[in-house]
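Note that chain A is present in both complexes that follow, paired respectively with chain B and with chain C.
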Partner chain A sequence: MTATALERAERRKAWVFALPALLWTGFFFLVPFAYMAAISFWTRQGREIVATWTLDNYIAFFKKAHLFKGLVVSLEITAAVTVISVLFAYPLAWIIAERVPKKWQRFALVMAILPFWTSYVVRSYSWLLVLSKGGVVNQALLALGIIAEPLELSANRTGTIIGFVHFFVMLLTLTIYANLIQLSPNYRRAAADLGANAFQTFWHVVLPLTLPGIMVGAFLTFVLCIGDYITPQILGGNNELVLPQVIMLQLGRRADFPMAAALSLVLMVVVTLAYIACARWLKMERT
Partner chain B sequence: MSVIRQAESLQPEGKTMKTTVSGGLVRRMLLATAAAITLSPAGALAQDELNALVWCDHTDPALVEPFEKANNVKVNLKEYEGTGAAISIIEQSRPGDWDVLVIDAVDVPRAIDMEILGEMPADQLPLGDLFPEVRMEETTTKDGKVYAVTEKFGYNTISYDKTKVDPADMDDLSVIWSEKYKGRIALYDYYLPMVGLTGVGIGKKTAELTQDDLPAIKEKLFEMKKVARQVSDVVASQTALATGEVDIVVGGGEWLTAGLSAEKPNLDWTIPKQGALRWAQSIGVFKDSEKQDLALKFVQYIVSPEGQARLATSSCYWAMPANAKAGEHLTEQQKTALRWDRQPDYLKNSQLYPVADADMDAAMQDVWTEMLQQ
Partner chain C sequence: MRHLATALAALYAGLLYLFIFLPVVVLVLFSFQDGTLPVPPLNGLTLRWYEAVFSDGKLMAALGNSLAVAVVSSAIACLLGFLAAYAFARYTLPASALLRGLIVAPMTVSTLIIGLGLLSVLNLTGLRLSLVTVGIGHVVINLPLCFAIIYASMGGHQVNIERAARDLGARDWQVMLLVTAPMLLPSILAAFFLSVTFSWDEFIVAFLLSRFDVTLPVEIWSMLRSGLDPRTNAIGSVVFLISVAFLIVMELAVFRKTGKSS
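For the complex of A and B:
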């Protein structure tokens, strides 16, 4: 068999192996997605869904302030959560990778991701107990005389951000840690040989080299955070709505699938834009 | 076939099987018997099943189990929130998938128009035993035919912690947009009663609400939002009141606090002088149900005095039974928590949910969402 024939056979084999995944993706992602995209151009008129092609839902999204604000609130919260999570996760990942002895690193990682083992909803409600007016934090601060009145830590954006950050710090710690341990110590030695101090080494050598890990984690944080409505629902007190909550309102109350589909597509466009912005660091191959 | 016949012939005499049939044959026969049972028409040997699309109060085993035992039936309950969600589920189901529907009483005409509900024989339902105000013939019947029956009702009004607020303040609805209890109020997150209740607070009748009334209601809703701590669903509102996060729940009522009366006697509810909103839930049989008789039997059980008492004090939430005879099955403590004796006054001073056409409904939801985004 010639090399070309062999390659062709290998390619065929690869397609056969990939076929189940491709079919699965086709049936359960592409087809539903195409259907969702199509109905986003339909409308709900009265109690009926009318299958005429129109941009009404998209126009309504930009014209109705309470719908558009959902996107603004989502972006503000997601940006804050992503930045704060990176700021917390990086030092944690660095400590685990650099300061914790090798034999304890696995244990430290398990400890870091332990909260992942609890149900997401239970974890959010637990935070409510911690952050509420009569919760652990306020009780402790009041008992210590640090505050005279309970702080408003829940039923607002602060509560939502705290709940999200707790979750995403764990995720980012993993991606950054994975990047840090791959970093050869020779880079730092070389920087030191060239006269760089610890900060310069970190700023000019370590940080740029771990940027892919940060960006992968940040992108995942962005995607998961902007699409979530559970945490804002439980910890935000419904005092402002993120876009997924607005989408849920269309489905749960109005059964307005066309509008919900349109809003979901807007959300997908935002995620796609975020991907394009991060694409440089999300490449599978490293050059 | 012969194997099945052999297995059948051996079934009554287990001893015969044990003494004369080899292990391999036993295995084959058992498998064949299992296959025969599996492939035989459903219901020949299996317990009958009933599929009901319900509100959470019907999922209490204390309510459903007596019916299941008495009729050797398994009731499969699917819980939903909001008529929109129910309609989505129904639209995605096949005719005959569902047998029983519990639905907001004001949405029964919508269900009738959609030809979801089937007619029920009026003479087989205790319609005469229902509190007259909640019979709601105008919504549960059409052209003289009964399509649903009211099973439970209650009020969207004010629930509060009587140890933390002045109960006298709760007699006036205007307290919900005053500064006096700023940061101590939760608003129940359901636009329909809240728009109606706000309308009642500014002197508008729910039955006469039009889109022209919405700007004034919106203004008040925005004021309410400013003094409220949160806007939350049933569970979150109840939790907030029970844990002291808030002292007042606007839109609450007996359904929010009566169930907690034994453990939290500090929680109470009232109907202010301007009045309150009365909600009701109805139960009916799906037109396409293939188990019409069994479904009707379930409805009859739910609206019977015993079923009503169990439904009224269901673990999910308490509320008034529609059947006045249910009182015989309630304890004094339960009746006190439900304010049984005050029902004549409360029924008089309460109005039904706004009945909105699709445009009005959409406009009310827009107003509510705008308020949430303030």
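For the complex of A and C:
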């Protein structure tokens, strides 16, 4: 065999190995995605999708309040959840990394994220047990005489945000902890040598050094939060729908696939913009 | 001053652990509720909701379905991921970076979009929705992960061992199966177990792509329509227990073997 024939045989072998994964992704991801992008520019008649090109779905999104509001509500809730989760998780991660003895750290961390492994649907449901009118929190506060009337903690935005924050505090504690223990103790020693107190060391040394890690975690929170349907559906009530709920609504009663596809692409564009913003910020930070 | 700081730190950590564990504790506690409402007051303890759950044919079928879909789809994702990783790490393919990008692309797209896209194409082909279509969707979600994990662990240091095997007369499939795969076993297992946990818990694709036979999260979802129900607490506690048991197995099987570096 000549060298080129051998090369060709080798290359053929490589294709045989790579092809199953490529075909699977092509058939079941790329084609569906392209088709969905296409039908977002089509319309429907009754339950049938009609292939006439139009921008109507996107125009409707910006014009119809109940559709556009879905995005606004999604962005508001996601922003609140991201900020609150970071603020809650950072001190916990810091305490585990700095105050807990080395040999207990792994245990403390595993415990901090254990409920992470309950099923997603079940986790939101169990918050309903805690937050509903007859739930644990209201019953406890009523029994203690702190409140006279049950608080409205579920079936509204508060419920959604609490459910989300619970999930993302665990996720962020994990990522921020991973960041904190990577910091070399030399930085802190140097700061202390230069006369910085504990607070100054944290504010001027530790926090800036962990900021990129926080941003990555916050981005992850943003993406997972804005795309989620379950938590708002279970805890959020019917008054304010987030974008994924609006999308699912198009599918359910109305079977409006083109509209659902258009809204999904809007969601994707928002996530992509967030990604670009995050990537740019990280790049700036590095230079 | 130091004592005060320590006390504050302990208080803060205590409050956050309380917040993190509150829903799980309430879930499990009221799964034993002797009454029809899983909220306070706790009337007494009973196992009858567990009995109800374990004798519920639909729920148990859904549990079996979930396990089957998780194991089969993860095995397929791992196999495809391994083969592709082998191809990209050991051979030079044209447009390699682009093709690798294609394989990991689904990771960057929300599962709602993956599910919707598959649903619209399946509608077109007239293929019926079933556990198979759910499994196809789960492979799409997990393949990028499996590929990325296994590809990352395929270093140059294994190439010499593979070459030695080939010099000793091993055929390609023998090298792959008897030499490469065993060397990569820790990362293959990690990929597999991670896929299983994702598939086991995945809701939106399973919801969109199934009809009569459903997975456990979808079945629990339909139970929620009847409001607060101690049976949901019971099945939720069972799921939590299975996940934690699985986590312990994963920890022992995968991470201990690779050394306690983490």
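Quick note on the criterion: the second predicted complex is superposed on the first by the 250 of 287 C-alpha atoms of A that agree within 3 Å, B and C clash if a C-alpha of one lies under 4 Å from a C-alpha of the other, contacts with A are read in each partner's own complex, and residues count from 1 in each chain.
As a convention for this text, a contact is a pair of C-beta atoms (placed from the backbone, for glycine too) under 8 Å apart; a residue touches a chain by one contact, two chains touch by 3 or more.
Treat the numbers as computed from the prediction; the structure is a model and nothing was measured.
Looking at the shared chain after the overlay, A:I234 reaches both chain B and chain C. In the superposition on chain A, no contact is made by A:L194 with either chain B or chain C. Shared-chain residue A:G70: touches chain B; no touch with chain C.
In the superposition on chain A, the chain among chain B and chain C reaching more residues of chain A is C. In the superposition on chain A, contact is made by A:L249 with chain B only, not with chain C. When both complexes are overlaid on chain A, the residue A:A155 reaches chain B alone and has no touch with chain C. In the superposition on chain A, A:G134 makes contact with both chain B and chain C. When the shared chain is aligned, chain C comes close enough to touch A:M111, but chain B does not. Taken together, the two structures place residues 132, 134, 234, 251, 257 of chain A in contact with chain B in one case and with chain C in the other. Contacts from chain A toward chain B in the complex involve residues 45-47, 64-67, 69-70, 73, 132-134, 152, 154-155, 234, 237-241, 246, 249, 251-255, 257. Listing the residues of chain B that touch chain A in their complex gives 81-82, 84-85, 87-88, 91, 110, 114, 183, 189, 191, 229-232, 236, 243-245, 357-359, 361-362, 365-366, 369-370, 372-373. Those residues of chain A that touch chain C in the complex are listed here as 10-11, 13-18, 20-22, 24-26, 28-33, 35-36, 39, 88, 91-92, 95-96, 99, 111-112, 114-115, 117-123, 125-130, 132, 134-136, 139-140, 166, 169-170, 223, 227, 229-230, 234, 244, 247, 251, 257, 260-261, 264, 267-268, 271, 275.
Contact residues on chain C toward chain A in their complex (touch as defined above): 6, 9, 12-13, 16-17, 19-24, 26-27, 30, 37-41, 79-81, 83-84, 86-88, 90-93, 99, 102-103, 105-106, 108-114, 116-118, 120-121, 123-124, 136-137, 139-140, 143, 147, 172, 197, 200-201, 203-204, 208, 216-217, 220-221, 224, 228, 232-233, 235-236, 239-240, 243-244, 247.
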